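First up is the structure itself, then whatever we jot down about it.
As written, the chain order gives the labels A, B, C and D, with residue 1 at the start of each chain.
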Amino acid sequence: MLVVMKSEATEQQIEAVCAEIRKQGLVPHPMPGAGRTAIGITGNAGPVNPLPYESLGGVDQCIPVTKGYKLVKREMKPEGTVLDIRGVKIGGGKTFTIIAGPCSVESIEQMRTVAKFLKNLGVGIIRGGAFKPRTSPYSFQGLEQEGLGILRQIRDEFKIATITEVMDTSTVEDVAKSADIFQIGARNMQNFSLLKRVGKERQPVFLKRGMSATMEELLMAAEYVLAGGNYQVMLCERGVRTFADHARNTLDLSVVPSVQKLCHLPILVDPSHAIGRREFVEPMARAALACGADGLMIEVTPDPDHALSDGAQTLDIAGFEALLKGLRPLAQALGRTIN
Amino acid sequence: MLVVMKSEATEQQIEAVCAEIRKQGLVPHPMPGAGRTAIGITGNAGPVNPLPYESLGGVDQCIPVTKGYKLVKREMKPEGTVLDIRGVKIGGGKTFTIIAGPCSVESIEQMRTVAKFLKNLGVGIIRGGAFKPRTSPYSFQGLEQEGLGILRQIRDEFKIATITEVMDTSTVEDVAKSADIFQIGARNMQNFSLLKRVGKERQPVFLKRGMSATMEELLMAAEYVLAGGNYQVMLCERGVRTFADHARNTLDLSVVPSVQKLCHLPILVDPSHAIGRREFVEPMARAALACGADGLMIEVTPDPDHALSDGAQTLDIAGFEALLKGLRPLAQALGRTIN
Amino acid sequence: MLVVMKSEATEQQIEAVCAEIRKQGLVPHPMPGAGRTAIGITGNAGPVNPLPYESLGGVDQCIPVTKGYKLVKREMKPEGTVLDIRGVKIGGGKTFTIIAGPCSVESIEQMRTVAKFLKNLGVGIIRGGAFKPRTSPYSFQGLEQEGLGILRQIRDEFKIATITEVMDTSTVEDVAKSADIFQIGARNMQNFSLLKRVGKERQPVFLKRGMSATMEELLMAAEYVLAGGNYQVMLCERGVRTFADHARNTLDLSVVPSVQKLCHLPILVDPSHAIGRREFVEPMARAALACGADGLMIEVTPDPDHALSDGAQTLDIAGFEALLKGLRPLAQALGRTIN
Amino acid sequence: MLVVMKSEATEQQIEAVCAEIRKQGLVPHPMPGAGRTAIGITGNAGPVNPLPYESLGGVDQCIPVTKGYKLVKREMKPEGTVLDIRGVKIGGGKTFTIIAGPCSVESIEQMRTVAKFLKNLGVGIIRGGAFKPRTSPYSFQGLEQEGLGILRQIRDEFKIATITEVMDTSTVEDVAKSADIFQIGARNMQNFSLLKRVGKERQPVFLKRGMSATMEELLMAAEYVLAGGNYQVMLCERGVRTFADHARNTLDLSVVPSVQKLCHLPILVDPSHAIGRREFVEPMARAALACGADGLMIEVTPDPDHALSDGAQTLDIAGFEALLKGLRPLAQALGRTIN
């Protein structure tokens, strides 16, 4: 941390800050400048607490230097984390992994149609919400336990990996029996009780960026899971909230290379939730592949116009097939394999 | 809802939309215009689902008209909800209620100092976090059960009402024993499992607006609690996330009169978390009173510079006393009473 | 427009709104619903002014339906506008046009180095700022007239098209002599005097989206130029301002397909200004191509670390060559040609 | 500035950075830490250019310390700038100055009605737009020269000070003859040509914050005017653009005390444009007074429902009188005088 003194700060005030730094067991480095003095702090293991200094006389501001995350840092695993979900690889730069399926699990027939179709196309992970976070209490809240049962059945029948959202600590165990991957939704990215709880599990976690989360907050949320001992985490950009109103959210693709530089975890993109309109899912899926994302989460269902949730952004089966067909030559040009 | 047709839409397409509307048990009202036709829909109880229409041929867009919330609507209780917490009134327009205390419960001594001081000043509700939502897993997470015990003791000793944050469904019962009011933090505003759970309790809920929640989402989150049968809810504006970087968040005071027009629940303001800097808490507290808020939540602790969390925004005892002193003539000028 | 009445509105109030609509020469279409009445308005040429209705008794809200732009609408030119700048095509879907060059024109030697290099790579349009919009009055403001002279010389010498920013109405004529394309910067997107002025010229206009401009505002700004008689306009996404702090701005690529659906003008992407960091320009350039943008504006200069402005985001010559090399197979896979 | 080295940076790399710092005529202060080394820089007059260092081997990031503005800094005039506009004082903390009038000048009759009314209420500055920045080229653009003539006539007739927006450099001279204060609108806050031009005038400038301008950018825009030699500048908060949709913009009142701490110029608030809805102007005006703003700009016109622009947010004469009446006891309680 750097403590910047006011231009009118006295020698006594500077010395008082240095004394306080020493009192905290750290080392002060005063640097007198033309206009004012700045005092560097070293000797700290993690981030320095600015509070003891901020209110001392003559202090103008405290500028943090060290980041708060450790286990998710790229330096911890420079080659990048590669997850293996029932044989499907995620991460590592060579593969581009597709996760697809309906917004909500609605029936065994619906899920069978989708699963069969996905298997035929070589997609190895199916999504489907059993518990649905809905803005209104009067909207469809998911099939809940029945939905989990359907997911289990689909997994057994089709040998396809499953992912579904877990919304609270009390359903973690039930979800663990039906899903190969825990999905943490955007609204729960900073539900720290839930992050700690899935940190104790050994199933992978798919963590969606919150609607107004900075990249650092996303990495810190992942850090919660890793700090609990669960190192199998992948991140997902799904659009952030801004003033722009031409799409449901603003898809922030530049977070992909930024995360990849700083963090060893895979990062996927969910263009369906980001854009909220079916017709623009395909161009944004291509952009996600092109900027280096590790994969996609895409909503697809046989009859999106009658879906119980999010139909406007969900592709039908032909639309998804077209999307996948469009991605293949792009992936090839980039030296990557779609799985 | 209003279905707006494209300018090139044919008569057949318009009739197909009308047929679909009738199929859903609703009544279509086609209005041919100079440029294009719009079709109104009536006969619906709540919001109309746009999905059956959005993808029909010739449809340009669907514009919602009816709002999704019901129980929180001002029309349900035009005179406004007034809560009574151990004799302290919140809401109704005449009172301006102060909730104050440290960010975190740190010790019985700390809480005694604050409680004694608040009682002397006529403040009847003390805050203090036992479970703390922290961006980093390595930051102080609160005294947890020990903190709840301290809160209980303070309540008994000082006959002061208590409020503390509840972070998950599994600790609702414990929190209920120590706190007169459940606080739901900004990061949990759309933790729907938690909202449903406190909806089953009969203790009041203090619901903070999420960092990027629209007013409608805030009202819908409150609707979750009321829909569960718990009508004792108050809202809190605590700043939203924007590009502006001179304060920790952007305090959106205009939400206060907007909520009051549409909703019968009290709305308070937390300038401490909104601004994040002690020196600006007082002017924003005055602004909150002036724009008609029902009260404040303010952070105060005896020694903020050594607080375990959020010290930079926390007032010391003298600072809080000065703030309160500054509010009194303002409240009087506005015909309101501080309690 | 749709006038939505309050649920408690009386028959008299509804009739009064209808009477006012008729008074404005328009046709009211009252639609009684279960909860409340909405009144459609037809007979209008452009957008209906909500003011006469908003304050009438019993009116809840007025919802606009018709968009304000006309000449930029896709329907006006369904095949899309294709510009031809000294033989370089922009727009139409088949080509992907690169505009490149330094942030600021610094010397004839610098511009010669860049121009020679660009010509060798087949890039036909060079950028370079002569007038620079800088946040600080103490920063380098551009070479101004001398910079324009250098641009003219480069154009003559290398037969390369030029683009440079025009910052005010008083320099439009001078800029017109040196630049084949007028660039309007993000800060001037709603400088309506300037938009009207370049609307009178016959040279193409490159219009950058403002930092907090909605898509509709961008289209309306372009409408100003077309309304003046200058139909040669291309748009540019260059990042918007949000809370996200991992990049200088948030590149909003989803605006590309959205604009292309509604508007016939080409839209390019400037990843250099959007991201602000050299190392992330290349992945975002690939994403821009993949999502269907009509081209790129890229900053490149021989010695970016000593550039007088924006060096941190500017590629060096090798970096630009690598970027272009990386784009070629992608363009081929997408059936497009880079020019 | 602080150059933070990567943890793996070598001694040679650190020395190379120090050498480059010395080469720029500055003094390096390397501070070896537990994890990594940071290098402070002193000897600089203004901000240090990070470019020579950012791309050197082993450098992680460059953190700026010194601010870019000088003349607007509070330290330059600790007592604060007080403007005197035809006898009306603005700034200094004791007065609270009201500027009021219609959005657009529409006729001499309209302006006479407003001016007479304002004079009676003791309001000494009238606003009215002659040139109007409108999103659409098809909206009313103002009476232009005729509007300026009306403003001149009103000033002569009523001995009231006038303020009107100047939109480009070419009309500065004309505006100067009709207006006592140049208004620079939010869309032109970074129209640097215009800022430089009014910097050469000696009439006061009323500078509105841009829709997505940070506080520092606002101060830097004012710095442009002062740097030109015109020290008579006042600032205005008028709402910023965010995701929130209950108001036209998000009024950011916390910028008021923040600006007042750092800058000696007066800062006013425009609640009319910020909120965009008449009914919420009054509570936000009270909040502006309470948080310490130096005054208000309020839209008022005799018949807002038929105004040619911005009628929805404009008060009628009775509404304005009520607002003013509501402010007086508040001002008294705060020890301030409304003028």
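The criterion applied here is as follows: a contact is a pair of C-beta atoms (placed from the backbone, for glycine too) under 8 Å apart; a residue touches a chain by one contact, two chains touch by 3 or more.
What you are looking at is a predicted structure, and each value in this text was computed from that prediction instead of being measured.
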Discussion item. What's the farthest chain from chain C if centres are computed as the mean of the Cα atoms?
Written reply: B
Item to complete: Report which interface contains more C-beta contacts, comparing A-D against A-B.
Response: A-B
Worksheet item: What whole-number Å value describes the gap between the mean CA coordinates of chain A and chain C?
Response: 31
Worksheet item: How far is the middle of chain A from the middle of chain D, if each middle is the mean of its Cα atoms, in Å?
Response: 38
Item to complete: Report the inter-chain centroid distance for chain A and chain B in whole angstrom, where each centroid is the mean of the CA atoms.
Response: 26
Practice prompt. Give me the residues of chain C that touch two or more other chains.
Written response: 212, 241-243
Worksheet item: Along chain A, where are the residues that touch chain B in the complex?
Response: 46, 50-52, 54-55, 68-70, 133-138, 141, 167-171, 187-188, 190-194, 196, 211-212, 217, 220, 223-224, 227, 240-241, 278, 304-307, 311-312
Worksheet entry | For the chain D and chain A complex, residues of the former touching the latter | 2, 4, 7, 29, 31-35, 38, 40, 42-45, 63, 65-66, 75, 241-243
Item to complete: Please name which positions on chain D make contact with chain B in the complex.
Response: 212, 214-216, 240, 242-247, 250-258, 261, 274-275, 279-280, 283-284, 286-292, 329-330, 332-334
